[in-house]
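Going by the order they are written in, the chains are A, B, C, D and E; count residues from 1 in each one.
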Amino acid sequence: MVELLRQAWAVARKDLLLEFRTRTAIVSAAVFAALVLMVFNFGRDPTAVATIDLAPTILWVTFTFAAMLALNRAFQLELENQALEGLLVSPLNRTSLYWGKLIANLAFVAVVEAVGLPLFVLFFNVPVWHVLAPLVGVIALATLGFVAVGTLFSALVVRTRFAELLLVVILLPFLVPPLMGAVQLTARLFGGRPLSEVVGYLKLLAAYDIVFVSLASILFRFTVDE
Amino acid sequence: MTLAQRGRWITLVALALLGAVYVRALMFTPLERMQGAAQKIFYIHVPAAIWTEGAMILLGLAGILFLFLKDPRLDRFAEASAEVGTVFATIVLTTGPLWGKPIWGTWWTWDARLTSTLFLFFLYVGYLLMRGAVREPGLRARYAAVLGVCGMFLVPFIHLSVFLFPTLHPQPIILKPSAPSLPGTMLETWLFSLGVFTLLYVGLVTQRYAVSLLREARQTVGGDHA
Amino acid sequence: MLWAEGLRHAFGRVVALDDVSFSLTPGQTLAIFGPNGAGKTTLLKVLAGLIRPQGGTARVDGGRRAIGWIGHQSHLYGHLTVLENLLFWASLYGVPAARRRPRAGEVLARLAMTDRSDQPVWSLSRGLVQRAAIAKALMHDPGVLLLDEPFTGLDLAAAAEFRALLAELRGAGRVLVLATHNVDEGVELSTHVAFQRRGRFVHFAPRGGRGAAEIAEAYRRAMTDG
Amino acid sequence: MVELLRQAWAVARKDLLLEFRTRTAIVSAAVFAALVLMVFNFGRDPTAVATIDLAPTILWVTFTFAAMLALNRAFQLELENQALEGLLVSPLNRTSLYWGKLIANLAFVAVVEAVGLPLFVLFFNVPVWHVLAPLVGVIALATLGFVAVGTLFSALVVRTRFAELLLVVILLPFLVPPLMGAVQLTARLFGGRPLSEVVGYLKLLAAYDIVFVSLASILFRFTVDE
Amino acid sequence: MLWAEGLRHAFGRVVALDDVSFSLTPGQTLAIFGPNGAGKTTLLKVLAGLIRPQGGTARVDGGRRAIGWIGHQSHLYGHLTVLENLLFWASLYGVPAARRRPRAGEVLARLAMTDRSDQPVWSLSRGLVQRAAIAKALMHDPGVLLLDEPFTGLDLAAAAEFRALLAELRGAGRVLVLATHNVDEGVELSTHVAFQRRGRFVHFAPRGGRGAAEIAEAYRRAMTDG
């Protein structure tokens, strides 16, 4: 177990180091987030639409894109560097590879979200401070779920011929539950509703996370081994 | 006197004259009826804004000439102009909100004028980032020239956007198709200030130009390449 | 030890492996010669566990951890330095943390790459990348080395040095499998020789006392008849 | 001129053929569009927000993303196939290369828009049929402008160190005028406003297209030639 | 004809070209030998116009259209078939439409690739890709061939055939420049021989009657002293 985690960390560390060197993905995701927020801003007729009604959707559209960008990179990076083959011939435990990629992806998405959230507050003037803690919790729960599934799928498709295409297509149905839950929860939070009203959604997110993180950890090795 | 020293002197003179502008603005120019003392920031805000756009246009012109003449001096000038333009854009983006808080009751809104200025600032940042991303000097100069020329052509679109999009920000009073509409003393003070900012631009650009000369000299000797 | 037993593999209509069986014990070196498209790379990939053969089995004593692989892809991350790459791969292969740096130093010195160790891989020339890939494969002192045209791009000095290194490894009881087109390079090192054609081993025998010229002649004959 | 266009067509045809073979980009962009639309659909509280107020924004967010994906691919495709170098050593006229890429990008974005628009109508129940012709015109005008600039910039950044990142950063300011214009125009169209009200925006878009298509055609050769 | 005059180029601190001058007339072949990182590839790239040297000039009679280039990258699109690739490149090099197919047939037959012509390039083995890359470079019957380790991956038969082809081309008045590590392969073809070391031509002379062994000896001496 310690060895598993150590190796996972080696993989994650290398990904983060590469990202730190090039900053490609993180900055483009952050700028992408800014772009989405900006476009919303221009498009919106402030007299017609109250910000608060739109805010949850906008927030989650932004975060979903950032996450998709991250996932696309995770294995693409190995291909570009001709290193995927190297990982596969190495004795690296497949579960470690999965966890390593998951950690790197989560770190990545977390940074983008950490950049996106303040921008969001700035652009849309939504008062989040009083619900910050639960909001961060919701973001973390939802993100964990779909990044876990996405990491699995990105390994699944990376060696097929239509990798990017397939990733989006097969991931789509899996995005629905966490995304719906997250949007509804965020809307309730912004609306200042009592916590009791949202327990159902929280359970949904938590169940999704538990099921899919375990499932993906188990299934991952079948995606990379011949 | 070296180029750097000459630049420093011009800058110092310009800063001293800026003091004079404010003496004149505070003591000898009437208070604006609606806005009171806050309006005094106008004498920095607007010239800085004009030179933000002006610096981009000059660097674009230098870019066009560079593409034909291949004279490295033009590229050095463009770089200097970009750095100074960034400083001026920062000035606009700070004085604007300072002014906006008392007048509009908010630091920032997302209307066309403010946003387009922000994006002009981004353009400068992008321009400088790109210069940093290309190592080879010849290639860098050419790429920078291309982007600079595009930037120059973007300025009119940004400038004219206020006529098309609903905005909170005052419409142009001076740089507009019809004649300037500003009371006499205010106009005089403002013109004085514009002259001072022009001098400031010249001074700062001269200094930056000298710096890049120095850096190139050091590099051809074989020193720092990182 | 290394066993291959009745290996078969086809890509669509193209037969890449056709009933290949052999086994090697420590200290033995197999040199495989064959025309382009004969299936040499496919065979090595099967041995490394990268391709699961459609028929037959392949096994390597010690599993993945015991394999060192030098193939057409470098398995190096372009934006990491040579040293960073070596340390990363060493950690995946379970080289103890304290041993990694000294080991990298040794291997790089052996390949005359010490002065390049802090250069990012993307800035290396082709032959230097190949040396770095060799260093990577040797970091964990593998028991079985799978070498797919490993001399590609090496200059005369580096090729001689690498040949000497391989001879030492063979002497130290490592198993080597070498696919190459250059009879001169391959024969000198080998204890066994195989000729592969359309996936089949049309010849497989101990080298005995045969020299390069004799083998080349036998190879030519094997390729022309039938 | 005929030769220019013939070569441009050769490049575009090859890009489209490759895209047709793999369908990667087009399908992922289309699915992406579906994803955005879906997320909006879930997120929206139909009682609180009238669809029609949001529609223009949503439409343009979707299309912008599709276009960004296309642009990212245009030169990435050459890099992945190791063919960019080949194009650069070939006698292919640089303007032809630009036009070829522009044609392929436009075709690509057009297909995504052709898929996205019906989906949009389906999801959001916006009555577009009575404004279809002008809507298509607006989409074409806005798309042409930013794809033209984007194609130029993607060539500019492709050989720099942080290509993707830089593309997004430097393109962002240039997206503002066409995007703002397009959103406003679309809103007016959906709102059933008279055409006279929108002439200003149309002029803006047309001017942007003319200026930047010509500019990019002229400047492109400086981005690829040494 | 091909001229190089005082070529200098450095990547940061690494000197890749140092005052290289020579010229070749039709029918002459220059073989360049040099250790890894000597600057051979850089020199060929400068001759092909891929790198603009920091000092000196290089010129090729007939410009880009006259150059055939075989380098480390194949310049082939993986998802197109071999034939489609050849037809595309031929069209860029201005080969008349009616000549393209017959020419592709000839070249492929010569390289024993006829049976592979409808296979997508991604499914070829390394040596077969190299043959396809050679075919691509010969499609337009170039006057000047720049060959960077062109024998890489070729099997014995293909290498012999390609050597014969190059000898024919030389006889037909083509200019060849060949960078290689294999003295046996290089010398046989050459009329001139150069040894490159740290960017400098430490030796440049007509081959005269010298054979491979003599050249190899001279090379060894040139590399060890100083």
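In the analysis below, a contact is a pair of C-beta atoms (placed from the backbone, for glycine too) under 8 Å apart; a residue touches a chain by one contact, two chains touch by 3 or more.
All of these numbers come straight from a predicted model, not from anything done at the bench.
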item: Chain located farthest away, centre of chain B as origin (C-alpha); value: C
item: Most distant chain from chain D by Cα centroid; value: C
item: By number of C-beta contact pairs, the top two chains; value: A-D
item: Centre distance in Å when chain A and chain D are each reduced to the mean of their C-alpha atoms; value: 26
item: Inter-centroid spacing, chain E versus chain C (mean Cα positions, whole Å); value: 27
item: Centre distance in Å when chain A and chain C are each reduced to the mean of their C-alpha atoms; value: 40
item: Shared interface positions of chain D, touching two or more other chains; value: 22, 161-162, 169, 172, 176, 180, 226
item: Residues of chain B touching at least two other chains; value: 115, 135, 138-139
item: Per-residue overlap in chain C, given as positions that touch at least 2 other chains; value: none
item: Of all residues in chain B, those that touch chain D in their complex; value: 67, 112, 115-116, 119-120, 122-123, 125-127, 129-130, 133-135, 138-139, 142-143, 145-147, 149-151, 153-154, 157-158, 160-161, 163-165
item: Residue ranges of chain A touching chain D (in the complex, touch as defined); value: 22-25, 27-28, 31-32, 34-36, 38-40, 42-45, 48-50, 53-54, 56-58, 60-61, 64-65, 68, 161-165, 167-169, 172, 175-176, 179-180, 183, 187
item: Residue ranges of chain C in contact with chain E within the complex; value: 11, 14, 34-37, 41, 72, 123-128, 131, 149, 152-159, 181, 183, 216, 219-220, 223
item: Residues on chain E engaged by chain D in the complex (per definition of touch); value: 48-52, 63-65, 67, 69, 71, 73-80, 84, 88-89, 91-94, 136
item: Contact footprint of chain B on chain D as seen in their complex; value: 149, 152-153, 156-157, 159-162, 166, 169-170, 172-174, 176-177, 180-181, 184, 200-201, 204, 207-208, 211-212, 215-216, 219, 222-223, 226
